[in-house]
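Here subunit A shows up in two complexes: once beside subunit B, once beside subunit C.
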Partner chain A sequence: MKPIDGIALCRVGEARLAFPCDEIDAIAAVGPDALGAALAFGDVGSPEGKALAHGHRLLQVDSVDVLATTALAVLPVPAVIARAAGGALAGFVLLAGDLWPIVSVGGLLDFLESRRSGP
Partner chain B sequence: MTTPLPKGRSRWLTNPSSVAVPLGALLGVFYVARVVTLPEGTRGWFAGLVILLVGGFNLAADAYEQGRLRTIRGLGDGTISSRPDTLERAAREASQAGMTTFLLAFACLGGGSLILAGLWYLIASPPLAVAVRVGLVGLLLGPLTAVMANLLVLPRARQVIEELMAAGLSREALATALPGREGLRRRLVIYAGVGAATPMLLVADANLHRWFALFERLAQQPDDAAARLVLAAEQSAGTSDLILLGVLLIGTVVLCGWLAGNALGQPLKRLGGETERLAQGRYERGRVVIAEFEPWAAANALSAMEAHLLDALVGAQDASKGIRTAAEELVENGAQREQGAAEQSAALMATTATTEELARSARQISANAQRVSEIARTTLLAAQAGKDSAEAFTSAMGQVRQGNQAIADSVVKLNKRVQQVGRIIEFIDGIADKSDLLALNAELEGHKAGSVGQGFGLVAAEMRRLAENVMTSTREISRLIEDIRDATNAAVMATEAGVKATDTGAGLATTVRDGLGDIVEFANLSADAMQSISLATAQQQAGSDQLVSAMEDINRSTRKNLESAGEMARTQGELVGVSRELEQAITTFGGTRS
Partner chain C sequence: MSEGPRGHLVFACGGSLYAVPAERASEVVNLPSLTRVPGAAPHLLGVFAHRGEVLPVIDLTRLIGKPADEAFRRVVVVRVGRGVMAFTATKVIGVSAIEGAPPRLGESGALAFMHGPARVPSGDCATIDPEGLLEFLARGR
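Now for the complex of A and B:
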């Protein structure tokens, strides 16, 4: 896997999510149109937080930290798990002993929209 | 109980006159036969006429007397009932029987002798002088015979009157039938005159007749010798006839005197007996001594006096009984009064003890009232001080309320300021949040720019940390402001509660002040009232002391009364004894109610 430069470390409840800065257009305040990342964990999530703008869509997370470190090694993800995750999971990075999944913002928003619309 | 008049009392009453008249006639015949020389040939006529006239006059007089005593006869025969009027009339007849007998005897002797002399002179023609002397002898013997008949009838008339009283004649009716007349002296003069004059006149008549007869014979003698012989014969003839006549006359006079003495003395003797009976106290109602003239008045007065004495004794006995009854009642009442006095004394003793206890209680009450009065004054002062303190407390509470109110106002202002600070902090926090977001985007853009934007990213990261520090500080300040707001709210609430408590305290203080004012007023009234009570109890104490003194006086009086009651009871007992003795004495004197 090619190392990655710049990720946004986000927390959603107890979960850790890392998004590539490239997929984030801006960081804005939480609005009514934002989709909560907590929904992916079957949770409602906190009303506060920040929204990651991706196009015209917004992904709500509890906190956002921009990691300035460059060329972070990305741990690969088995293909089965990547397909099972809808193609949004791009790999993992190990930071200070913690394993952070790298998630595509667009893929997570698609997943969330599919969850919201329901089967 | 009455006794009927015995039968034949009218005849028995007039019997003495039937005896006296013939006796007087017999005395006269004897005198005439001895002294008067009746001519020969006239003596038969003289004797016949004497018998005829004596018998006739006696029968006529008896018939007249019986006619005068017809009521007595009727009562004795039962033909007339015993009524007060018939008894009174019978008593009147009996009382007049003596005088009737006297007059009839005098009339029989005097009138009979004159009629005898006249008839004898007309029939036998004796010498007129002899006939006159015969008539004069009858006139001389008439009073004596009448007196004797009267004296014989008087005792019988008295007895008939007593029998009439036994038959029911009342003493008052007897007093009416026998009016008191003062004739005793005249009657005695008559008795004495008749008793003295009749013998003297008869003796004088006899002597004069003898002397005249002697002178006549001497004058008829021829010489002195013959005269001497006549004188000698006269002397020898003696005086036996004259002596016999004198003795007879004296006997008659003595008999009259005895009868007079008996007739007059018997009532006096009975009066003496009655007086002695009265003196002995043996009184009898209705007893009266029948008498005439002054003795009758005395007897009547004595009987009236006895009746009055009996009435007085009966009254005295009734009074004595009343006195005894009253005395016994007095004794009983005295005993009751003594008992009542004893009970009263005991009650007064108890009352005195109670009064003394009351006086002690009054003194104690007075002392307590004095102490209460002092306490009331102390209470008044304390209440006044409390009132002043309450007023000061009320004033202080007002100041506290003003202070609390000022604090509350300051706290409210502080709260407002804190709220303004909070709003500023929120504004700063918003700015910091936006700054953080901007710094985050700048850092993001810096990383997107790659190595060119690395420095920019670092600055953005530092700005973000500053923004986060600001946000942390603002959050801390917000918490502090929140704490300040809570504290100020609590202070406001506490201040408002303090104000309310102050208002309540002020209200309570006002109430306490008003209450203390009322207490002061009431304490003042109580002090005045207690002063009045103290004065009243002092007066009551004085009154109780006076009452105790008065009760002691009453107690002494009651004890004296008890002693007097005992003395009175003893005196009343003596009075009962005296009244019984008096009643016994009155009973002894015959004072029984008839």
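Now for the complex of A and C:
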């Protein structure tokens, strides 16, 4: 298990997503160009929320809580879901009994863009 | 040349019977609340943490294109060399000996890794090739 430092814990509807803080340039207001993380779950998503800036791209989530923590133990991704979301899954963390998927911001944005543009 | 009888764990899901080689079925656990996985296929219901590892839950009925049946309460944890997965089960029947290898249920998709019908005391079942199915699912299908 590889340790990580600092993650953004995000809610997307009923789902949870965790993003490494070192991939987030800023937390911004939602703009028209933001891609909704809810699409990764086949959901439409809320019109409000926050946007995670990654370079010039924005990823929309419902809420963000930054966990500026010391090293967290990361559980590996099972083989059968290694290619989910285009391979953007980096592992899982267990926090207060809840399992959070750790996802690459850039990888998830790539996946959402590919899904939006079709095969 | 026919194979000798091999112990399989037989379980029901969505009105059908399935069987996995008994030596690959590591345990049966009650289904906890699941964590959704972004970008997952519809048959991947989610994951849960169990004994320090993450287990993906596969709904067999959705995997083979049948209407979803949400009546399952348990999962059969199956472990092979490359990883682990958990199959939804409405009822666990028990271990039965299955002789030989019935034909594949399909030429492509997940059915290519299921064989049947195999006769067990509780009826006809489909035997699952867990190594092949895991490799198939790991390719992102």
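Quick note on the criterion: the second predicted complex is superposed on the first by the 115 of 119 C-alpha atoms of A that agree within 3 Å, B and C clash if a C-alpha of one lies under 4 Å from a C-alpha of the other, contacts with A are read in each partner's own complex, and residues count from 1 in each chain.
Methods note: a contact is a pair of C-beta atoms (placed from the backbone, for glycine too) under 8 Å apart; a residue touches a chain by one contact, two chains touch by 3 or more.
Not measured: the values here are computed from a predicted model.
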*asked:* After the superposition on A, what does A:G6 contact: first (subunit B), second (subunit C), both or neither?
replied: first
*Can A:K50 be said to touch subunit B (first), subunit C (second), both, or neither?*
first
_Going by the contact rule stated at the top, is it subunit B or subunit C that touches a larger number of residues on subunit A?_
C
_Output check: A:V66 vs subunit B and subunit C. Expected answer is one of first, second, both, neither. What do you get?_
first
*Regarding the shared-chain residue A:I27, is it in contact with subunit B (first), subunit C (second), both, or neither?*
first
*Spell out the part of subunit A that touches subunit C in their complex, as residue ranges.*
14-17, 37, 40-41, 75-86, 88-89, 92, 94, 98-101, 103, 108, 111
*Partner subunit B, residues of subunit A touching it in the complex*: 5-6, 8, 21-22, 24, 26-29, 50, 64, 66, 68, 70
_Sites on subunit B touched by subunit A in the complex_ = 433, 437, 440-441, 443-444, 446-448, 450-451, 454, 457-458, 461
*Could you please specify the touching residues of subunit C with respect to subunit A in the complex?*
35-41, 44, 47-49, 52-56, 58, 82-85, 134, 137-140
